[in-house]
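Below, chain A partners chain B and then partners chain C, in two separate complexes.
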Partner chain A sequence: MIRFILKRLGSGLVVLFAVSVLTFFLLYISSGSIARNILGDQATPEQLAVKEAELGLDQPMPVRYFSWLTGALRGDLGTSWFTSEPVANALATRIPVTMTMVFAAMILIAIIATLIGVAAAVKRGWVDRVVQIGAIIGDSIPGFVIGIILVTVLAIQLGLFPATSTISPGAPASAWVLSLTLPVIALLINGVTGGAQQIRSAVIKQLERDYVRTLRSRGIGEGEILSRHVLRSAAPAGLTVLSLQLIGMLGGVVIIEQIFALPGMGPLAVAATSQTDLPVVMGVVMYTVAVVITVNLIVDLLNGWLNPKVRAS
Partner chain B sequence: MTESVETSALTPLPGQGAPAGQTGTVVRSTVLKRLFRNPLGIIAMVILLGMALLAVFAHVLAPFDENFANISKTLAAPDSVNILGTDSSGRDVWSRLLFGAQLTLLSALLCAAVAIAIGLPAGLLAGYYAGKFEAVSNWIVSILMSLPGLIVLLTIRAAFGPSVWIAMIAFGILISPSYFRLTRSAVQSVRNELYVDAARVSGLSDLSIITRHIFSVVRAPIIIQTAAIAGVAIAIQSGLEFLGLGDPAKATWGVMLSEGFKNVYLTPTLLFWPALAMALTIGALVLLGNAIRDALEDGEKIKHRKKPVKGTDKRTTAAPAPARQSRYAVAPAVDAGTEHHLVKVTHLGVGYPQADGSIKKVVDDVSFHVDRGEILGIVGESGSGKSQTAFSILGLLPDTARIVAGSIQFEGNYTAAPGEDVVNQGRLSKLRGKRISYIPQEPMSNLDPAFTIGYQLVTPMVRVLGIPKAEATSRAMKLLSDVGIVNPKRTFDAYPHEVSGGMAQRVLIAGAISCEPDLVIADEPTTALDVSVQADVLDLIRELRSRLNIGVILVTHNFGVVADLCDRVVVMQNGRLVEEGTVRNILRNPQETYTQVLLGSMLEGKEPMSMLVSSTAKGAAS
Partner chain C sequence: MKLGPKAASAALILSASLALTACGGGSAAPAGAGAPAATTLTLGAVQEIRSWDPAQAHVGHFLQPYQAAYDSLLLREPDGKLSPMLATAWKYNAANTVLTVDLRTDVTFSDGAKFDAAAAKANLDHFKTANGPQMAQLTAVSDIKVVDADTIELDLTTPDPSLEFYLSQAAGLMGSPKALGTEGIKTEPVGSGPYVMDKAATVKDSQSVFTARKDYWNKDNQKFEKITFKILLDLTARTNALVSGQVDATLLDPKTGKQAEGAKMILAANEVDWQGLTLFDRDGAKNPALKDVRVRQAINYAFDRKTILDQVLLGQGTPTSQPFGKASGAWVEDLENKYPYDPAKAKALLKEAGFETGVVLELPSVPGFETQLAVIKQQLSDVGITVNIGAAITNTYTTDVAGQKFTSMYFSLFQGEPWVAINQIISTKALYNPFKTTSPELQAKIDAVQGGGKDAPKLAQEVNKYVVDQAWFAPMFRVNQMYYHNSKINVTPQIQQAVPSIYNYSPAK
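Right, the complex of A and B next:
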């Protein structure tokens, strides 16, 4: 088991490293006009040269990457070119908002999609049809459009929720819950419809396995077969779906935060992108990929725990 | 049960692609025909065609240029000039919607094209040649799949500036693993098929094998995948534009949404049109993908019916069947004089309702009985209905199966009374495990891989007999040694994948007798085992019969097993009972031609040395 964990951890770090190299070189490959972007069109060539030297842009790419990497290993992701705020600080103040939403949505998706998916697989009939239609509708409307619809109808037209949030870290919990409700719903609808559909197929597949028939022949009740055996065997498929949805959600949350004006990672990332604030973009990419890798690692471990065959190897 | 096959368009569907490729144009045309018969498919195609036409002729149809702004007429309501009104800069919404369609559809096409251009060849190569290429591509795939799409597009935007085309190329690369994985698994599943081998033997080059055989297999799944990916591309492209990170000179649905959202307090209708256009287009793509998948699945979709179809089965109408029983009603009394039989099957018919309303019968007019201490063999080829008969006694037929005729009784009580269209689960669930038990055919697939063998033996005893866990554990140990397992403790603690097939079959037999049943139904209990283990398992069943005085129904295709073990035998063919009698009579003096043929073919496999002699002798005799 420990070897299994170390192997997964190792391959996760390799992926993280590969992504950092790839992203860094991609971002800085066309960095010729960065100094002009920062200083504006009036800047003289001397001023530009000074700025480039200040940002380290006059050095060869591998040297720059190496200095970024050594900094990153110490927790220093560089400073924003426009606000001079350390990237690590900027991320630290915004990540709690983003991750609260993402993980709240994840947990809710896991619960709701499992309940609906299992019901559709077991009951079939109309429940099944509703899930199928729901999956088509969910696939047809992108999450951010759902967000826009929710704001327009529930917040602006009906006034049930705050449309935008001026939430500060010290605000009471109830204010947080109220302003995060709509964004979380917008985040999770696609996940629930898609996830329920996938869990339904996984459960149906398990219900048709030979061992389920044998368990029935032994006199084990349907409820126990479903909760102990079928759900457990279908869980790896469900976890994989969930981890893929998390990856999608880390992108989707950027737009959702923009719609609801939440002080999360999204607005930071969008502003940095349009200003070509490369250290911030780099920080955002590395943080999200690190989250993905961590969650994938957890999913692998859970699968190992669920499946004795994986555990042994 | 075709519905249970992977239903997501994002998962590979090699099995469903295969028939289209293998049988060529005939099947393809019926797939198309089925697609055109599906109303949702037609609606989807009409919407997509309409969108495409609007996009292609945008320059002709649009009354204004996409960026033409009439500053004196901002946020105007629809009128005869601006049929959908104007936005905050006085630009015509209808015109921008058309140009937006053009750009959106083109960008989706570009993205899918890039993804196919990368994923398809890579998947073909990885699937066909495997080895290092596959290992490396798998690694790249795992990296690409751990990158959130929108974050990558933000990076691309920061590096290369606001270009829809660069963004879509990048997203195409990012999403290419979905084609890669689909193609690879499809290719892997057919790579070793006989017809590919045949092609190779007949001297075709690898290239022409790939293009001719394998490409035709992956074609259909790729079309389905493309519909899904085009939808995702439209969504993410619009998301990027909505964030204001696109090219400001271009009209797109995402930009229009953003514009509408800024003016949501003044004119929320500005949001409506681009949102509708997106939902319609992506929805049509999703529906089209579903429709193609449905068309590919075989037409034999089984309908879930609560009631049997009346009038399709002559026997149920002709026979003086009593009124249909409610499944909660007390079972009617069985025919006098039959109470002493352990199990009695009378004129049993089992069928599956088909989509066209007919019933496909798999068991028809089958009658037999089993007494205590007796081993009855049910012999027949695969598809003869012998397993379906066995499962109807156990009450473990698939949900869609219907008892279309006859009855089943156990110890003088009906488990399927005459007129009932399904086996009475209320009555059978009390019997299953306790009085009637089951030994399956495939030892490995019949144990849950996630639980230890001990758990799977102990739990039924605790549930069915209500004994404490400790007692059940010691009984399980004894059972394991009873069925000839040398080290019961080790097997008890093992997971199913840690024991051999023969061992697993012994475990299943131990499980079947753990609650001391009166009837054991064994479905081909030796077929999946090595020859050396087969004899042991048969000895075991024989010994159980005499020790516990139980009745056994042995389903098999092997007359050798019947001769070795059974007292009486029934022969089945095409769902019907052909012949019945004592083993001695049937083996020595088979009356029916089918039994003779079956016996002849069985003997061939049994005695390799005398094979030629015995088969020619049989052939001459018949």
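Right, the complex of A and C next:
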């Protein structure tokens, strides 16, 4: 088991390194006018040259990458070119906001999607049809549109929630919960409908298997068959879907955070990209890759724990 | 493993708690989003401030928050007139190469340091070397001398008709000399301005909070007890925050403005930018047809500016044929409709120039202006000019412009003071004159503006007439900035700024 974890961690590091090289070189190749972006269109060539030297843009690319890498290994991801804020700081203040939202949404998706998916698979009939139609509708409306509808109805017309985040120091915990409720709902609807669909088909597939018939013939109750055997076998499919949704959510949350003005990773990523604030973009990319690697690792471990057959292979 | 029952109970608990919080929201939200007291002002800011170091201040949207914390040497009134602020008087020598500035003697910074000539010099010196986004504002200033405790002298290498204006902008912001260059001032401003930052309530990326400074020297500029800049990068978020009462004022666009008007918000519109084509390659280096002035004029006659404005920007702006702004002093009434919509005349001019067919205009695509480009393509094809829309401009576009990659381009540009505009789009040093087009006649007119002192704006009218006659550009319209506020406050628009100066807000009576 430990060997498995170490192997996965090792390959994760290789991916992280490869992505860092690729991103760094792609970003810096297109970074021609960074000094101009910072100093504006009235700057003289001399002023531009000074700024480029200040940012280290006059150094050859491999030197720049190496200095970034050695810094990154020490936990120093550099400093934003525009705000002079250390990138590690910028990430540390925003990751909790984004992760609170993503994990709250994920937990709710896991529970609701499982309940709906299993109900549709077991009951079939009208329940199944309702779930299927709901899934199509839920899947076809993008999260940000759901977000805008929620704000218009629940925040602006009914005044139940703040239209944009009211999170600030000294604000009561209820301000956090209120500020995060609408964004989390906007995030989770697509996940619930998509997840329920996948869990439904996984459960149906298991219910049709021979071992279920054998268990039934032995007189074991439907409830026990479902909870002890079917769900356990269907879990890997469900987990994979959930992990994919979590990774996809890292993209969706960017737009949701913009709409709700939440100080998470989204505004940081958007601002850094549009300004070509490369140290920050690098930080954001590294964070995203790290999350993806971690999530995949956790899913693999959970799968192994749930299903010994997966572990053996 | 019994996933089902566990999951079911967990779901029950969670959904119950969600329902509870939703109920709680019903009673708590009105208190949180409730009406601010009359003397607080909450603004929806379109950008986060990068650094509170005054030398890192910018123009337009980026200047307003600095004005809460910092006074500037000169004050720019809403109509553009320059008035005393930290400077009580200022005067050029006859050659316009030395500016003598008298300073107030009764002002202190929020850290207790005194404002005097040495402090002013420290700030201007710092601005010249701090590599800020507007450092070019003091390019012409070679030396700053302390004459006495309340007088400084700015020595210029060449006359700069914009310098007084710059001293009311980023270059004129005065920070405490003790704090300049320190790490601390990047996150917490130290100025002599009407407000001081409430560090405890300020959250990066979310809001900056300021409270009125006690014993501020000029109570006329301090009309609120508290000002909050709420960072709302997203247009939808700004609209929602304004109509739900979370902010008192913010910048929208014509489409979201309709929603705000539905919620009884008040518009303080102001023309700040112009949109249109710039025909870079007037010497015909890469596109020979553009060398012929008749071709450039034909392009100007081909556009139905009014209809384009109505369709694309819901009529929020004014059609124009000149690149200089109405408030700049270089604006000429007769040029406003110099090139009316006249496709027949456009065709005649092209025929006369020997380009009845075969003129091709290459334009890069500009994100956000796809509709305008589509209309331009259509209207130019109606007079026989083919438009090829190329790849979208990217982050490197300023380098691409400077590198003569584009022979013409559609853009939206800020309309500043005449000398600023000349150095932005007309002089041979201007970024947006990459082919360095000029003529002795034009250069003489530009030189006249530079040495013109107080007459500079009037002299710039000659430059304006020249570039309009020569059809250097094909301007479309000046665009309204849609700044909306609620009825709790009064707002006076500030010329050449989409977002008004902080002094232009007051509580509604």
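For the reader, a short list of remarks on this structure follows.
In this text, the second predicted complex is superposed on the first by the 309 of 313 C-alpha atoms of A that agree within 3 Å, B and C clash if a C-alpha of one lies under 4 Å from a C-alpha of the other, contacts with A are read in each partner's own complex, and residues count from 1 in each chain.
Just so we're on the same page, a residue touches a chain if its C-beta (ideal position, glycine included) is under 8 Å from a C-beta of that chain, and two chains touch if they have at least 3 such contacts.
The shown structure was predicted, so the numbers you read here are calculated from the model rather than taken from an experiment.
In this overlay on chain A, chain B clashes with chain C.
Looking at the shared chain after the overlay, A:I259 reaches both chain B and chain C.
In the superposition on chain A, A:L108 contacts chain C only, with no contact to chain B. When both complexes are overlaid on chain A, the residue A:R36 reaches chain C alone and has no touch with chain B.
Judged by the touch definition given at the top, the superposed model places A:V285 against chain B, while chain C stays out of reach. Touch criterion met: A:R94 reaches chain C, while chain B stays clear of it.
When the two complexes are overlaid on their common chain A, residue A:V270 makes contact with chain B and with chain C alike.
The interface of chain A with chain B overlaps its interface with chain C at residues 30, 148, 151-152, 156, 232, 258-259, 270, 274, 276, 306. Residue ranges on chain C touching chain A, taken from their complex, read 1-5, 7-8, 10-11, 14-15, 18, 21-22, 24-26, 28-30, 32-33, 48, 50-51, 58, 131-137, 139, 186, 200-201, 203-207, 230-234, 236-237, 240-241, 243-244, 246, 394-400, 402, 420, 423-424, 431-432. Contacts from chain B toward chain A in the complex involve residues 1, 3-4, 6-8, 142-143, 145-160, 228, 231, 235-236, 238-239, 242-245, 257, 261, 264-265, 268, 271, 275, 278-279, 282-283, 286-287, 290, 304, 394, 396, 399, 429, 432-434, 436-438, 440, 442, 445-451, 459-460, 463-464, 495, 497-498, 508, 511-512, 514-515.
Per the touch definition, chain A reaches chain B in the complex via residues 15, 18-19, 23, 26-30, 124-125, 136-137, 139-142, 144-145, 148-149, 151-152, 156-157, 194, 197-198, 200-201, 204-205, 208-211, 213-221, 224, 229, 232-233, 244, 247-252, 254-255, 258-259, 269-270, 272-274, 276-278, 281, 284-285, 288-289, 292-293, 296, 306-309, 312. Within the complex formed with chain C, the chain A residues making contact are 30-33, 36-44, 47, 50-51, 54, 82-85, 90, 93-94, 107-108, 110-112, 114-115, 118, 148, 151-152, 155-156, 159-170, 174-175, 177-178, 181, 223, 226-228, 231-232, 235, 258-261, 263, 267-268, 270-271, 274, 276, 306.
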